[in-house]
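Each structure below appears as structure tokens.
Two complexes follow with subunit A in common, the first pairing it with subunit B and the second with subunit C.
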Partner chain A sequence: MKKYIIKKLVLSVVTLLLIIFILFLLMNLMPGSPFNNPKLTPEQKEILIQSYGLDKPVLQRFFIYLGNMFKGDFGVSYSLSVNTPVLTLIRSRLPVSLLIGISAMLLGSAAGLIVGFLAAFHQGKAADIVCMILSVIGISVPSYIIAIALSYFVGFRLKWLPLLYDFRNPVLSGIMPVLALSVMVMSVIARFTRDEAVSVLKSDYVMFARSQGMSGRTILFHYVIRNSIMQVITVMTLLLVGLLTGSLVTEQIFSIPGIGFLLSSAISANDYNVVITLSFMYAAIYVVARLILDILYGIIDPRVRLGGER
Partner chain B sequence: MSDTAEVILEIKDLDISFRSSGETIHAIRGVNMTMRRGETMAIVGESGSGKSVTMKAAMGILPDNAVINGGSVLYRMESGSEPVDLLKADTGWLRDNIRGRSIAMVFQDPMTSLNPTMSIGNQLISAIRSHENISRSEASGRAVELLEEVGITDPVRRMRQYPHEFSGGMRQRIVIAIALSCNPSLLICDEPTTALDVTIQDRILDLIISLQQKRSLSVIYITHNLGVVARVADYVNVMYAGKIIETGTIFDVFYDPRHPYTWGLLSAIPDGESSDELYSIPGTPPVLSEEPVGDAFAPRNPYALEIDFKEEPPMFPISETHAAATWLLDERAPKVERPRELNERIEKMKREASEYVR
Partner chain C sequence: MNNDFQFHVHQAESLVIDRSFAGDSFFKAGVKRFFARKSNVFGLVLLCLLIIMSIIGPHLSGWNYSEQHLDRANMAPRIPGILSGEENLPGTNGSIRVNRYEQLGLTDTYYYFGTDELGRDLFSRCFQGLRVSVLIALAAALIDLVIGINYGMISGYFGGKVDLCMQQIIDIAGSIPTLVVVTLLMLVLKPGIGTIIFALMLTGWMEMSIIARTQVLKLKEEEFVLASRTLGAGRFFILFKEILPNITGALITEIMVSIPSAIFLETFLSFVGLGLPIGSCSLGSLISSGFDSCLLHPYKLFPSMIVLILLMIACNLVADGLREAFDTRSVR
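Then we have the complex of A and B:
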């Protein structure tokens, strides 16, 4: 198990280094420059580029950047908020995005798991069909449509909840964005859970367990959940990353000062350091989530941990 | 083998269909069989003839799309008690009193019969504890004994291992240990050796035979392998297209087969000597989405009479133990001899058997 974890750790670090390198190269290929203010003369731009060291070759800049990164310095913003350290920019916006993303994740996962297992145990019956029709709708309707519908009906017409996010009242004003985001999570997870659980329920070992007179509870917890949860957790990881990166439109609808918002403005302003740091952060979240997932696989499925067949 | 033992299982006019995408498949079309305590019975037939379905119906573990149209499965739990109709029993009662506790089933593929994410020990313990109110450590002790009984060496250490760490034969031993964990009186073995290497097959059969003697189990083998039947069974039921078409003691069926389908099956056993091409029954079994007219075997039967295509033959009794459903046994039927090669085979089997006894 130790060897397995170390192997996964090393792989994760290598992956992250590669990601920074590729990000750096891609940023270099991007057209335009951070200094687009029409009032700047070409000479002034030249001075700015030199002072930030942007005239040096890509590789050299990459290693300088990497070195600074290890010291915890992710550079400063060039255009959005001139000379503010990127980390300061992110630090003020991350908590609200995390809070809403993770709440939506938890709510959606819990509901999705319950709906999925419920549908699987009533496979082919009315409950299953209703759950699956709802989940198809939930997957196909983008979260911003739900966000708009919610803010129109619940916020504007009924006036039950505040229309816009308010950091002084994060709970009440956070309900609608969380709901809007969790519908998709719930639908995807319900769908996966149901399909996985149905295939486990059809397996020979469940048939054998049933023929041995094991109780429904034992079969649910020791057979169905244990053997279907890993696939579901894998999907959850992908969704979590998607939730943190893709909540951009929802953040705009509810005017939430989050990082999705920051990323979109940084890209259009060519604010290199902000884009790289944010992209790197997303990648890191994903890689770390995968790492945790791999370790979990090892704990739940002995075949992975011991490198056995099948 | 004794006719005086009480009847443990009696299946009467069992009739089952499956519904799948608008089609109804009439899989079991009136099955009757009787089994006495302590006997070994074999149900033989091609895939899809309804062998497994019959036994799964008895345990109430049919898939959801199965419909039981009629019949009864009378099972006597303890000697001297009144038989219970398992088809009418409540699912919860079946789970608590029948499945695993009174009737247990060993499935075909040991590679997929065990939960891959649970240690062998825990699977045994949860099987034991699902029927008996004992502590984990007590159950664990019992599990070790069971593993020893089925021939797993070093059971204490192996309790902690997972299915993928065992070979196919070992896994089947573990499946058998789980099946026997709550002392059932009837063990159903559904193709218990089909998925295993030939060399392992014999050892698993030996294990089942020895456990049967030690625990005085009644055993039903579901198989298409007549070699297995010859080794283990007292009684044989030959199934074709959802019906039993010949029934009798092993001597009745192997030495004096009467149904042309049984002739075909016996001719198709490889005997390891004749270099001729192995015989196979021409054609394929009927798809039971349409009710067969006449005898379901008629289209594949070289001895079919005109009436075989019009009317289904009833069971004709041949002796007290032997019966077959073929019009050839009607007194009006023309005399039809068994194929000569088969008769030679039967003579050879008899010779070999008598040598074996001596």
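Then we have the complex of A and C:
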């Protein structure tokens, strides 16, 4: 077990280092230079380049950059808010994104689990068909289209909810973004739950339980949910990353001052340090989520850590 | 017939092939199962219609998708017999009904989906955008076919150190989120359809290679492979002539599954403004510009949105149907 965890840890660290290296290389490939003011004389440029350490070889600079990263220094913003450390920018925007992301995740998973189990128990009947049509639509319609449709019909036409996010009234103005993000989560989880639950329902032990005269509810709670929840949790973890993508545009549409909005404005303003740091953050979240998942799997299912077929 | 010990050669010959209950190959049976469900057929028909429209659509209305008529900007949709070209313009005190066609004296001019702020025909633009999406879908399928299948099959069949090394590469490459890769590529390279396809090439083949690998692992110890090997067949002959035909169903399914996400990626990037450069049009950028003016001219938003949703639904229905028909759910 220890060996397995160490192996996974080392692999994750290598992955993260590799990602930083790739990001760093890309940053060096970016067109243009930070010092292209025509008033600068060549001597002044020389001094600037030296003071930022840009005259050193790439590999050495990479290790300096890495060292700064460990100290929590990700550089400063160039254009969005000049000379503000990137970390300060991110810290002020993270809570909003997390709040909306987590609420969407909770709402979507709860709805998805209910819809999925409902469909599985009424397999082939009207409820199943309706649930599956809903989930196909939910998977097919990108979250930004749902966000647009909601903001047009509910926000603009019906005037039920505020069009834009308002930090003084986060509950009411947060409903639409959360809904827009949760549809995708709901559909994916509903479909997955249904497939898992159907395969559990078809299994011999459920048939045995039925033949013993157990009620549907007992079977649901004691057999179906227990045996299918692990797979569903896997999907949930991976969906968390999908939510980040969704938040990028949803935050733009509802003008939520969060991480996604920061990233999309940094992209359009060519604020490289911000883009790189956020990219690294997204990658790190993904890597850590996968690491936790792998370790959990190793604990729960010995077949995984003992190798063989993956 | 009266001698029990006589061989009935002529009768045996006629019994060799059972024509009324002929067994289907795995692939044929899957295709039959696919067409047995109405939703699959609906998805396939819709998909075919959309593909046809992506080819002929931009030429149907008679206006080029990039042709600008600044005097005919923001015209509401007008279709003979259905829509008159009137629209409600909201103001501070109520709204007024305006028919720009009558104001300009255009009696038999018809913009089916209206025009945008530069007077470009939205009908042509919409289907030009669909064409881009279909192109991206084709590229994604091709990437799956060329990179994903080969990578996965080789990794699965050769096993051992080759497999370990190839899987480690996937482990590392797969943990960089697609969005991050694509965003950075767009910043470094010139934005355009070529860059999007390049980004797909870097990220899009992994899912497929995992599927191909598991399928090969399942089959490579089967007797027919062993038989072929004892007959002296080479590795690549076994891989591509013996194993590949037997896993076609799963591979086609996976190709279809990967297409919606590729289409989504392109429209998403174009929506954010990272996709195609200004001037060319994609469903994503059409939706984005439609959203900017949807409070005043809502008609600009809906056609491209509906076309994109229809395309995604069609792809997902077909993918789902294939998955069920070839029963690859357990593999995923």
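Rule of thumb we're sticking to: the second predicted complex is superposed on the first by the 237 of 310 C-alpha atoms of A that agree within 3 Å, B and C clash if a C-alpha of one lies under 4 Å from a C-alpha of the other, contacts with A are read in each partner's own complex, and residues count from 1 in each chain.
Here is the rule we go by: a residue touches a chain if its C-beta (ideal position, glycine included) is under 8 Å from a C-beta of that chain, and two chains touch if they have at least 3 such contacts.
In this text the structure is predicted, and so the values were computed from the model without any measurement.
Engineer: When the two structures are overlaid on chain A, which partner does A:Ser264 contact: first (subunit B), second (subunit C), both, or neither?
Structural biologist: In the superposed model, A:Ser264 contacts subunit C only, not subunit B.
Engineer: Taking the superposition as given, does A:Leu248 touch the first partner, subunit B, the second, subunit C, both, or neither?
Structural biologist: A:Leu248 sits against subunit C, while subunit B stays out of touch.
Engineer: Once chain A of both complexes is superposed, is A:Pro42 in touch with subunit B (first), subunit C (second), both, or neither?
Structural biologist: neither
Engineer: Regarding the shared-chain residue A:Tyr286, is it in contact with subunit B (first), subunit C (second), both, or neither?
Structural biologist: second
Engineer: In the overlaid three-chain picture, which partner chain does A:Gly72 touch, first (subunit B) or second (subunit C), both, or neither?
Structural biologist: Touch status of A:Gly72: no partner.
Engineer: By residue count, which of the two partners contacts subunit A more extensively, subunit B or subunit C?
Structural biologist: Comparing touch counts on subunit A for subunit B and subunit C gives C.
Engineer: For A:Thr218, select first, second, both or neither according to whether it touches subunit B, subunit C, the two together, or no partner.
Structural biologist: first
Engineer: Once the shared chain is lined up, is A:Phe208 touching subunit B (first), subunit C (second), both, or neither of them?
Structural biologist: Touch partner of A:Phe208: subunit B, not subunit C.
Engineer: For A:Pro57 in the superposed arrangement: first (subunit B), second (subunit C), both or neither?
Structural biologist: neither
Engineer: So which positions on subunit A get touched by both subunit B and subunit C?
Structural biologist: 309-310
Engineer: Touching residues of subunit A toward subunit C in the complex: what are they?
Structural biologist: Contacts found on subunit A: 11-12, 14-15, 18-19, 22-23, 26, 29-31, 136-137, 139-142, 144-145, 148-149, 152, 156, 195, 199, 241, 244-245, 248-249, 252-253, 263-264, 267-268, 270, 272, 275, 279, 282-283, 286-287, 290, 309-310.
Engineer: Where on subunit C is subunit A touching in the complex?
Structural biologist: Listed in rising order, the residues of subunit C that touch subunit A are 167-168, 171-172, 175-177, 179-180, 183-184, 186-188, 217, 260, 264, 267-268, 271-274, 287, 291, 294-295, 298, 301, 305, 308-309, 312-313, 315-317, 320, 329-330.
Engineer: Which bits of subunit B are touching subunit A when the two form their complex?
Structural biologist: Residues in contact with subunit A: 59, 61, 64-65, 94-96, 98-101, 104-105, 107, 109, 112-119, 122, 126-127, 130-131, 162, 164-165, 175, 178-179, 181-182.
Engineer: Mind listing the subunit A positions that touch subunit B in their complex?
Structural biologist: 123-124, 203-205, 207-215, 218, 222-223, 226-227, 300-303, 306, 308-310
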